[in-house]
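Labels run A, B, C, D and E following the written order; every chain starts at residue 1.
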Amino acid sequence: MQERVKAKAIELLESGCRVLGWKAGEFFYDVTPAVFTSREEIERDFVFNPFCGANQSKYLIAESRRGGRVAAFLKPCDTYSFQQLQKEHRILRENVYAVGVQCPGMCDMDALRAAGLRGVTGAEDRGEKLLVHTLRGDREVDRSLALSERCRVCKSKKLLDCDEMIGQQGEELVSTRFTEVERLEAMTPEERFAFWRGELSRCIRCNACRNVCPACSCEKCVFDNPASGAENKAPASSFEENLFHIIRAFHVAGRCTDCGECSRVCPQHIPLHLLNRKFIKDINQLYGPYQAGADLETRPPLVDFQQDDPEPSIVGERGTNP
Amino acid sequence: MKKLPLSQLDALFAAIAEKRRLYIPAGEAGTASFTPWREGLKLTDALNTARSAKDLFFPQVENLADFKVTGKQIQVIENRDPAEPFVLFGVRACDCRSFDILDKVFLCDPVDTYYQARREQGTVVTLACTEPEETCFCTALGIDPTDPAGDVTAWMAEGFLYLRANTARGEELLSSLPLLEEGEKPEQDRSVFEKLPLRDLDWSAFGGERMMERFNAPQWASLAESCLGCGTCTFVCPTCQCYDIKDFNTGGGVKRYRCWDSCMYSDFTLMSAGQPRPTQLERFRQRFMHKLVYYPANHEGEFGCVGCGRCLQKCPISMNIVKVARALGEEAKP
Amino acid sequence: MQVNQEFRPTIAAFCCNWCSYAGADLAGTNRLQYPADVKIIRIPCSCRLNPLFILRAFQRGADGVILCGCHPGDCHYTTGNYYARRRMTLLFSMLDYLGIERERTRVEWVSAAEGAKFAETMNEFVSTVARLGENRRLEDLRCKSE
Amino acid sequence: MKDMTELVTRISGANPRKCMKCGKCTAACPAYDEMDYHPHQFVDMVETGRLEELMNSRGIYMCLSCFACLERCPRSVEPARLIEAVRLAVIRQQDKNHLKPEQIPPLLDPDLPQQAITSAFRKYRK
Amino acid sequence: MQKIGVFVCWCGSNIAATVDVETVSDALAREPGVVFSTNYQYMCSQAGQDMIQEKIRELGLTGVVICSCSPRMHEATFRRACEKAGLNPYLVEIANIREQCSWIHKDKAVGTEKAIILGRAAIAKVQLNAPLTAGESPVTKRALVIGGGIAGIQTALDIAEAGFPVDIVEKKPTIGGKMTQIDKTFPTLDCAACILTPKMVDAAQNEKINIISYAQVEEVAGFVGNFSVKIRKRARFVDETKCTGCGLCTEKCPQKNVPNEFNQGLDNRRAIYIPFAQAVPKVATIDPNYCTMLKTGKCGVCSKVCTAGAIDYRQQDEIIQQEYGAIVAATGFEPISMEKFDEFAYSQSPDVVTSLEFERLMNAAGPTGGTLLRPSDGKHPHTLVFVQCVGSRCDGGEKGKPYCSKICCMYTAKHAMLTREKYPDTEVYVFYIDVRTPGKNFDEFYRRAVEEYGVHYVKGMVGKVAPENGKLKVQASDLLGGRQLHIDADMVVLAAAIEPDRSARPLATMLTASMDTNDFFTEAHPKLRPVESPTAGVFLSGACQGPKDIPETVAQAGAAAAKVIGLLSRDHLTCNPCVAESNELMCNGCSACEKVCPYGAITYIDKEFRGPNRTTLVRRVAQVNPAVCQGCGACTVACPSGAMDLKGFSNAQIMAEVDAICK
């Protein structure tokens, strides 16, 4: 895959595009999104490996307005964001050459660390297995162990709106991504409160979740705007922790494609995707199945209605499972 | 040097916690944090905490004063959080060095009395490293992870905890504790530190004297281009020290507090005339210039980085001080 | 000696200008009693209610928040309450998900003619919230220091 | 009897309250002459709870289950489903086997298709 | 620094009995920004208003809070009073301490405490109030009526009567609409043409009315007072200015087998045609689907016979761009298709007809010259069966329309009566579910059909119609008689439900006017604003808003005209200043606000902004048209960044109230 993507990157560069891709880092896993403008740079630094999990569609907001064409390599879930951003008029599609890249699931260094691997200096992809080099010697682990949560419950391998594809077109999958939400819904309110207090109290308001989120592309966020009444730089009280995450999830409700970037980047490992997925699950159940970014036409559920929508009291009536 | 069987660690913690509040690193890798000790709380398996130990002296949010408003009357009420004696156990060499860096900022004239109060009440017990992460590069900054500073230095080896007091405050702590016996720690195998991939980072391109060259380096543009502008690096960093002062209107008055700020934020040092660092490039540059150029310029060449590697692990896009050092160091080569 | 005072909740009631605010006025005109714990905030339409306002109310000391608007289909602005209904349903569901008592929030459709319904709704809501007691899970201690 | 009404509406899934008494069901019924009660009356009797009369009626076995009433009904009340539900309710009454097998043949009109067969077709059509 | 005056009203004892007004005014005097606080018996009285005005002048107040009755009662009064004293009226806030305090509480301490809190909230809000000035927009003094049926004609005539120019856009070659096809009208039985055609002529001759026939609206832009409309006038291949309407071409045209829509396809017309003798404009139209010349280039008979030289085979569609101040939708109705009701054998027998077809069969200008003959064999029918509610009052969805079509009971009574009158040898059955005759002289009319004309009204429905040996076997129920009827009929007439014209839905989209699920236009308020659409400047006339008979349609047409005249008689429109406003610096152009706006008040432009370091960037940003915005605030919540705010009910103002109340 690496070689095909790299060859395509060179081809596109030579056809006059800037190329948005990943640049190799110190280690095998710390790749950084970068824009390539020369063949030498690509040949030297361009990587496409199982750690290229970052959703690059958000960069296209700025890149598509920079003049000229930019080529991007988008994984299936990135293409949902790509299309959702077009729907919100944020990306100038005509300036983007989108190459869809089929994805076997992306790895996450935190997943390896959580599995107890320390001092990891390298890894070799061996199909189902991963040979991990550490400061204290090599260890072979299942590749699935290194997969990030979002990839374990992948919702779709479908590449949307691409100018060309590398790898096979995929299908929407039957995903178990709501299992954890259901588990929480089944708890008592007290248990849920305790769970979320435990999680959200770790928040340091670094805004990584917001800044990485393709749906969070406001010119000025309410949480940065002193006039909004919600601005702050730190979670100065437990209320502010709740406020930030409730409002953030609410603002992306109906627009969140469930790309999972928020949880990937959270330095405190708060399962933020569980907030977004709650909204997605509710929307699917209350207003009919909806996948943000799946098309350009359907009205997002929060700017739409049906005359016979359920009443808000459904939250109480049907217990914790609306 | 004192020693104690590791099996009695809980008893030791209980003894410390009897008289003062005790914080130990606890929790899982990735989210471990300094946590007030309570019965049953275990030391983390992780090398280090997700957030640094600076939180205990320079918390993310700290009350400064209250203003009470009654009708048209305003009353100022002193409302600093009371500083009580505490022990901070398990600080790694890198974090311990960060206290020196912060001290040089907060304890010089004018003294930051909020920081000072906490510093005076805190006893730091450091813990030597044995299992470094690949992201560690304290050794490249002249720090010995196997012999950290602090009021007391601790080692864990062969079933024992070894403790050495380095300061009067450390002596005082150790002398107040039961269960300790005399003992000498065995020699530590340091070979793993020689294998660290970042051990020989070259910092020669940095320092106060290279200010304008580094400031105007063309590399900043490509280094900063994918920066998301979040505050992760600054908030997990043990040496980042910028804060903002904010007023919170409670309805019945105003609470004035300070909280960490991040130079990565678009409203960092925002002035009425606008943002002095208008794009992410300038803001990004500020962070690294501060650590590698401005701080050494003001503090006899000492870098504002301790090589803890947190930013390497936590940056959402894997941009970090090492990549900056490499890119600019490359440029500085003749 | 500790005087055991009866807990009086603080209730913020957002009422749309055209139906529910008028319904509240009608309750007054008909001298229908409901507790003084309820304070009404007039908004042009139920769709003006930003979730931020609800959270703000809880932060500042509210123990319950209720939104009243025109019945679906009767919105003065034709569709406002339909949007409000979706927004509130999702918001309430999220609050519930976070373990915050779902009885603290409510939406009720009250027309300009339903003074009695307004009073009844408020009586009922106040007693529900009073039973729950003080809002602890979504409070901001900084606002409660006095 | 109230329970029985509920049972019948539940089995049938039909809502007799939607009936606007237009009589199109009765107008469309090919077995009209054989029945003591007619489709629109079934609906009314279910709605008003006169189920005992209905359950004792011969008419319910005269229904051909041809679904003309169900197809024609402008209000989706679907009388045929109600009738079928009443028949089921009769069968479900323990110890009151109203209809013995030997009683069936004389009830059948040789000119009409056998309702049992038609019912069976419907029941097993899926 | 704010200088706020607080005025607490006693309202006699209405407030003062349960609220200690003295305590309230004292407590509020201590609030930040308050420089004056008092109480008075009747603030709304002249003396009370004088006091407010005096204090505004004396103290230079920057805001006024009045603690009194509901703002719905006297807000306008106090605003006017303050405006007279030089204070912007939007710097006045009312604390409702009567309806929402003194009247609902008995305990004086409780009432007083709550009144203080409500007063504080009003003070907190007024601190943030900004002076607002109602904007003005000019009004184009021309109206557009879409649809040239009786509704459109009447509306246009009434508007023209008031002196305003008005255009009628009609999609057919002639105006007149459905009423031209009707034979007689109930309950007076006067001839429809006799009352309609003079109106058509009036419309044609009125200088102020411009009829654009054979045309359709293609695009609508703008807003109340300033609509800009694109109309496509289809090519009729006949020069309207030259054609004299002599009709010679329509006689000579060799293409004879074109179904005649005027007679519901019951007979044929030529490829070039004038729909009927009284058509307005009375000019010929070539039907391009049938004209041999247009299809093959060979023929040209009409051109040869036309002495006026009006035939122009090369005519193109014409686009007319026109500005209007008001638009009236008068798109009318259509009977529904009988496709789904084949139990009545409509597709199987020509003798099963709809009521509108029956009108044509009774009409002197119809295919049978006014003699009732069966379409199948041209014989005189002896037994007629009328079926009511075909497709009306159904369960919705697949079954048919859920509503009552309203006119069927009466026209069926008319048909039955006329049949019996002209042909006493006929037997006429009317199958009904209910006979609905609310209306002046309506029930009398129906009773006459039964009592004087001997029409058999049968409560029940027809279940099945089967053509058999030249007869129609009708199987029906007689619910009151408890029998099933079997009638051998000669003709069956179906009272088909009516539905809005199919052009209405796309038109509503263009107008951003809302529609109900049945595609009827929604009125701004079902009781109080029945002829206005919620979209300002768009009015509703006739059956496009709901089923109506002719008198109702004419009444609504006149009412719509009155509303249009009221609008056009103004030079400028004053806009509600409490409207949404987009902060372009914060807007990212995502379109969420536009999607929830019920009025289409939000549009987007690409605007250049200064970026950092002397760069410029072009961004798509929302703009609110204050003349169209009604101030609901839906957009403010849809906007995640808060770029959209509502003047008079801003985020900051509402939060200030929240803070004051929850403290």
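Following the convention adopted for this analysis, a contact is a pair of C-beta atoms (placed from the backbone, for glycine too) under 8 Å apart; a residue touches a chain by one contact, two chains touch by 3 or more.
Every value quoted in this text rests on a predicted model; they were computed, and no experiment measured them.
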{"item": "Third chains touching both chain C and chain B", "value": "A, E"}
{"item": "From chain B, the most remote chain by mean C-alpha position", "value": "D"}
{"item": "Chain located farthest away, centre of chain A as origin (C-alpha)", "value": "D"}
{"item": "Between the pairs B-E and D-E, the one where more C-beta pairs touch", "value": "D-E"}
{"item": "Between chain C and chain D, centroid-to-centroid distance (C-alpha), Å", "value": "50"}
{"item": "Gap in Å, rounded to a whole number, between the CA centres of chain E and chain D", "value": "46"}
{"item": "Where chain A and chain C are represented by their mean Cα positions, the distance between them in whole Å", "value": "36"}
{"item": "Of all residues in chain B, the ones touching two or more other chains", "value": "248, 251-252"}
{"item": "Sites on chain A at which at least two other chains make contact", "value": "222, 228-229, 236, 302-304, 307"}
{"item": "All chain pairs that touch each other", "value": "A-B, A-C, A-E, B-C, B-E, C-E, D-E"}
{"item": "Partner chain C, residues of chain E touching it in the complex", "value": "70-73, 96, 98-101, 103-106, 110-111, 113-114, 117-118, 121, 514, 522, 524-525, 534, 578, 596, 598, 630-634, 636-638, 646, 649, 651, 654-655, 657-659, 661-663"}
{"item": "Residues of chain B defined as touching chain C within the complex", "value": "66, 68, 248, 250-253, 255"}
{"item": "Residues of chain B that touch chain A when the two form their complex", "value": "28-31, 33, 45, 47, 50-51, 60-61, 131-134, 192, 195-198, 222, 225-226, 228-232, 234-236, 244, 246, 248, 257, 259-262, 265-267, 312-314, 316-320, 322-323, 326"}
{"item": "Residues of chain E touching chain A in the complex", "value": "517, 585-592, 595-596, 604, 617-620, 638, 640-643, 651-652, 655"}
{"item": "Footprint of chain B on chain A - complex, ascending", "value": "25-27, 29-35, 54, 59, 109-110, 113-114, 116, 118-121, 134-136, 202, 204-208, 210-212, 224, 232-236, 261, 264-265, 267-269"}
